[in-house]
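Structure provided below as structure tokens; questions to follow.
Each chain carries a letter (A, B, C, D and E) given by its place in the written order, and its residues are counted from 1.
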Amino acid sequence: MTVLPYLVAGWIFLVGVYGLVTSRNLIHAVGCLAVAQSSTYVLLLAVGYRRGGTAPVFSDVPPDRRVVDPVVQALALTDIVVGATVTALLLALVVQLRKRHGTVDPDALSDLKG
Amino acid sequence: MSAADGWLLAGLVPLLGLVPVLWRIAYGEPGDRLIAQNLACLLAALALLLTAQGFGRPAYVDVALVLSVLGPAGTLVYARFLGVLPGSRLVRWIALAGVPAAVIPLCVATGPGRAMVKLLVIGALLMAGGLVTSAGSRDEGVGA
Amino acid sequence: MDTAGLLPLVIAVPLLGAAVLVAGGRRLPRIVTDALGCAFAAAPAALALLVLARVAGGGAGPYAVEWVGGWHLAGGEGVGIVLVADPLGAGLAALVSVLVVAVLAYSWHYFEEPPRRHGGAFTALILLFQAGMCGFALTGDLFNAFVFFELMGVVAYALTGYRVEESRPLHGALSFGIVNSLGGYCMLLGITLLYARTGELGLAQIGRALDGRAPDGLVLAAFVLVATGLLVKAAAVPFHFWLPDAHAVAPTPVCMLLSGVMVELGVYGVARVYWTVFSGPGGVPHPDLTRALLVIGTLTALLGALMCWRQRHIKRLLAFSTVAHTGLFLTGVAVLSPEGVSGTALYVLGHAGVKAALFGCVGVLLDRYASVDEHELYGRAGELPVTGVLFTVGGLALSGLPPFGTGLGKALAEEAAGQAAGWLPALFVLVSAVTGGAVLRVALRVFAGAGRPPRAAEDGPETTGEAEPETGGRLRRVPVPMLAVPAALLAGALSVGVLPGVAATAERAGRLFTDARGYRAAVLDGRPVAAPAAVAQHWPTTGILLGLLSTALAAALAALAVWRPARTGATALTAPVRRLQSGHIGDYVAWLVVGMALLTALTATGLR
Amino acid sequence: MTGTLTDVLVAVALLLVAAAATAAVLNRDPVRQALVLSFLGLSLALLFTFLQAPDVALSQLAVGSAVTPLMILLTVRKVRRRPGDGGPPQGGAGDGRRGAGRDGRPPR
Amino acid sequence: MSPRGRLGLFLAGAAVVAALFTVACLGLPPFGGAHHPYGDRAVRAAVRHHTSNAIASVNFDQRALDTLGEETILFSAVLGAVVLLRQTADERRHTPAPAAVRPPIRRFGLLMLPVALAVGLYVVAHGQLSPGGGFQGGVVVATALHLLYIAADYRALERVRPLRPYEIGEAVGEAAYVITGLAAVLAGSAFLANVLPYGTFATLSSGGTVPLLNAAVGMEVACGVVVLLAQFLDQAVQIEGADGGGSDDDGPRGPGRRERA
């Protein structure tokens, strides 16, 4: 359990990249990118976890309770926004590419070579 | 074993229930996938409610509240795109029996107050959502 | 107002401008949105220049340190984000802002606006781009750097795909977006590892905390991951594949920014992070970093030059020349000496002006002839003498002709590199000659109609250069700003080499930049660092000779290519290399992973 | 005991996340992938709650299991003109025409 | 490159990267450890500024510049999507046919709409107290509006969603964040400094500028996500290519339509 969360994060990242490499559909590729990104959330929060700690939100607990790291949570929030926006932009590009090029298969995109 | 442990153990049950649901979502028929998605939201909400009590943090219930709003809406969106909304006894059964089985003890444990109102709202939303999305359309399988 | 207080304004003012343009852009006439955009870009440019003048002038010390939100350190510890302007960072922010103003002036009345409802959107995006790049140059916090890195990226993807009526910009933007986002996530993983080890996010704080113990696999992994993200932005081999695809198809004003500064910011990021975080005893040993960057830089320079020579799509040719020059910049940084950094800084400065001017000239061709294809345009642009002269001067400057800034930067960087390895100056000369020669070849063919009409090469894949003009229709008369801006940019590049103050400032900037201890003291202890005395920089004699040599070589190569075309095509050799640039996103991602492995292999020997 | 139980919850959620991520990559059809991605979002939200990060869980829930899959579905709907027509149009049909005219090559 | 070559290349690289990452994981502090210096300082700083949600304090006070960058990324992405998904000259817009929705779903959707809006606003408003905040709540509010699409159809959604005000709202949210930061400069403090009185711990008005920035973000996110989804919906439902392809009318494959047929 001492390294399991970190290794899971690494697995998610590599599996997402594997999907990107082997993808036959650009929409699927964008989804794989989102998967690869979720590894960063997992790693961030795993790093910030403290055994026996609770959320650093003191609306219903006293401020002297042992808490987990709030900084990584703030970073993860930022990261999630980044991920969603990148996904949105890339999907917008895919939509237009399909219109202009008639395909969402990366193997069929052939006009930028050499 | 303390009461908190009991709640966490109870929360483990819906969590483990998600494992076969994932299998269905990944490898089932289109209709099955939709049912599984619906079920996943319901089970996750129950796990969130129970563990919030287990962690002694009523504030965590907000996550379940948001899920109880977004979950059924998501299922309906999928139904719209996939063109199927199959009925499911399992979902209906969990909405009718599982949700009260979790929410009522939780209400007893929290006692009257704002937290209890929130729990009841979540329970009502989950039940309503579960019932609406599990009713199925009468002309199932016609056209495509 | 003190200097430090100005730093957040450099970032905030363009953001405000973008918000104003989005809220009011549809109602306002085109001229007003353009004027507003220029004003909102020029104000931070003035601020950045002011900051640069103050930190470089030495009156108030060489560092301006601003704790955003007033969260100052207490006992060396804090919770806030710090913005730091040393002469190099401030100089880059100033360069970014000035170039943005130039680009907005260039595109004044130039773009066909998207049909309706979106007035001001292009200008707003450029302003957001400016904020992202300035923020990246000024931040002293690693996570904050990631945020600005992503901001730059997101805006750049949208700008690259701006012309949705064509399929190539969309394809290029998609490759750009996927590869760069993946790089960004690598960087974030690295940041997380560093946070786990040190519990800090500020560059200076992490560096100090790392030095407490010997380096291990974690530090190496963090370095590899962070460097991967930054090298993707810098388009180093083998992370470079996205760049030609994106730069060749982006709207011309955007190309000017992408090639002129954004890519160089990646190099800056690598250097900044290395010096502030990993340069101490707890980081990556100097010989390892030198080896890694030298290998990657050399590969990048050679591959970029080779591919540049083989292009007929002129924008793509310029894009590959950016790859080649990035390789030289990396080499200049790799030797880890103050002289290397200051030489590279001058080189970047000169290159930004020259490359932006060249792209500007190509924009004129594109809008007049609806093509940027060297073969198709053969002999057609003789009617544009001014553009032709500017383009030729740009080519000469690119090949390192003294007294242009590129020549001075190249001379100083290759001198510094030569002290690390004797063969490096040859690399600088070769790459400058080939890239400059390629540009001169285009100038000869397109503007002078020299030699015989070129034939298509038959050695594998090729991208031709038909495209749609970016103006409403084909230009009859070239608007004044489209010529004035390239001319001004070239004049700027010239002044970098001529004005002694610029070189002296760069020399000091280099010494400050490589003084990790001084940086930490200024940021963490608030100790004013004594500004090093300014040393007058002279053109080294060998540098002048080598600059003239590379220019002569470039001219000879171009002449040879135009009048004796058969002699220069080592076609069988280049075909496999060209086939690597396949336009396939899966390939690019696979190469990214290989690049990480390469980086690991090159730096792993530092571990015990 | 509570600590151990939390660890168990975290471990189960982690394995669920890893499995969902793998399934999301292996499901090559975008519509199926969208469903798995929303499950991934859900399991990440659970994991984050168990890691005592309800704020992040809320974000992940809103983004990962609602907005992102919705955008993917809308993209698929735009991209697929007829039900079951997942691949590119055969023989340069329909909406490849403009691109083909511009770039002088058929879509495939 | 052939698919097999590509995969081989990836696997070779990935093996090295996996090994490197595993070594790094073994060097990390064990999961759940107690060493979080920055986190501990952040919690103390949050309590000092009377913000009971330490994450909100980090986001909107201590590291407010990160959040400004984050909101700007969202702002840029929405602007980028608007530009990329614009209707080009060769495309026409058509009005989707109204969709028939089964009564229970319609009732459920209409009932949920106010509930979801209320939940979203609640999450925004309590950002500095309990889990939640401008971003999370904003997304819920934006998603809630789209319940109308489920309950009725696209036309009903368009009636409550004239895009222009949302676009302006988004820009105003972004500007409000910057201006709050600049106001602190005018007040003689640093950019984005928390210059307002901190209020009483754990009440709605506590935290100084935190609730203000939180509200600005909530507004920007809600409007931004609405605009973003609208671009995709427009493409999927309304905009047609020159050849008549690229979209179908609203919900012919939906359950309601089939029922009627």
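Odds and ends about this structure:
We adopt the following convention: a residue touches a chain if its C-beta (ideal position, glycine included) is under 8 Å from a C-beta of that chain, and two chains touch if they have at least 3 such contacts.
On a predicted model such as this, the values are computed, not experimentally measured, just so you know.
Chains touching both subunit A and subunit B: D, E. Of the two chain pairs examined here, A-E and B-E, it is A-E that is joined by more C-beta pairs in contact. The chain with its Cα centre farthest from the Cα centre of subunit E is C. The most central chain, judged by C-alpha centres against the centre of all protein C-alpha atoms, is A.
Chain centre most remote from that of subunit B: C (centre = mean of CA atoms). If you average the CA atoms of subunit D and of subunit E, the two centres end up 17 Å from each other. In whole angstrom, the spacing between the mean C-alpha positions of subunit C and subunit E is 31. Our note on geometry: subunit A versus subunit D, Cα centroid distance of 11 Å, whole angstroms. Our note on geometry: subunit B versus subunit D, Cα centroid distance of 20 Å, whole angstroms.
Across the assembly, subunit A contributes 1, 4-5, 13, 17-18, 21-23, 30, 39, 46-49, 51, 54-55, 57, 59-60, 67-68, 71-73, 75, 77-78, 81-82, 84-86, 88-89, 91, 93-96, 99-101, 110-111 as residues in contact with two or more other chains. Residue positions of subunit B touching 2 or more other chains, listed in rising order: 55, 57, 59-60, 62-63, 66, 70, 73, 77, 81-83, 144. Residue numbers of subunit C whose C-beta contacts span two or more other chains: 143, 147, 150, 154, 157-158, 161, 164-168, 193, 195-196, 201, 579, 582, 584, 586, 589-590, 593.
Here subunit D touches subunit A in the complex through residues 3, 6-7, 10-11, 14-15, 17-18, 21-22, 24-26, 28-30, 33-34, 37, 40, 44, 47-48, 51-56, 59-60, 63-64, 67-68, 71-72, 75-76, 78-79, 86-89, 92-96, 98-100, 102-103, 105, 107-108, going by the rule given at the top. Residues 1-7, 10, 13-14, 17-18, 21-22, 46-51, 55-60, 63, 67-75, 77-78, 81-82, 84-86, 88-89, 91-93, 95-96, 99 of subunit A touch subunit E in their complex. Within the complex formed with subunit D, the residues of subunit A that make contact are 1, 4-5, 8, 11-12, 15-16, 18-19, 23-25, 27-28, 30-32, 34-35, 38-39, 41-42, 45-46, 48-49, 51-55, 57, 67-68, 73, 76-77, 80-81, 83-84, 87-88, 91, 94-95, 98-105, 108, 110-111. By the touch criterion stated above, subunit D contacts subunit E in their complex at residues 7, 54-55, 57-59, 62-63, 66-67, 70-71, 74-75, 77-78, 81, 83, 94-95, 97-98. Against subunit D, the residues of subunit B that register as touching in their complex are 1-2, 4-5, 8-9, 11-12, 15-16, 18-19, 21-22, 25-26, 33-34, 37, 40-41, 44, 47-48, 51-52, 54-55, 57, 59-60, 62-63, 66-67, 70, 73-74, 77-78, 81-83, 144.
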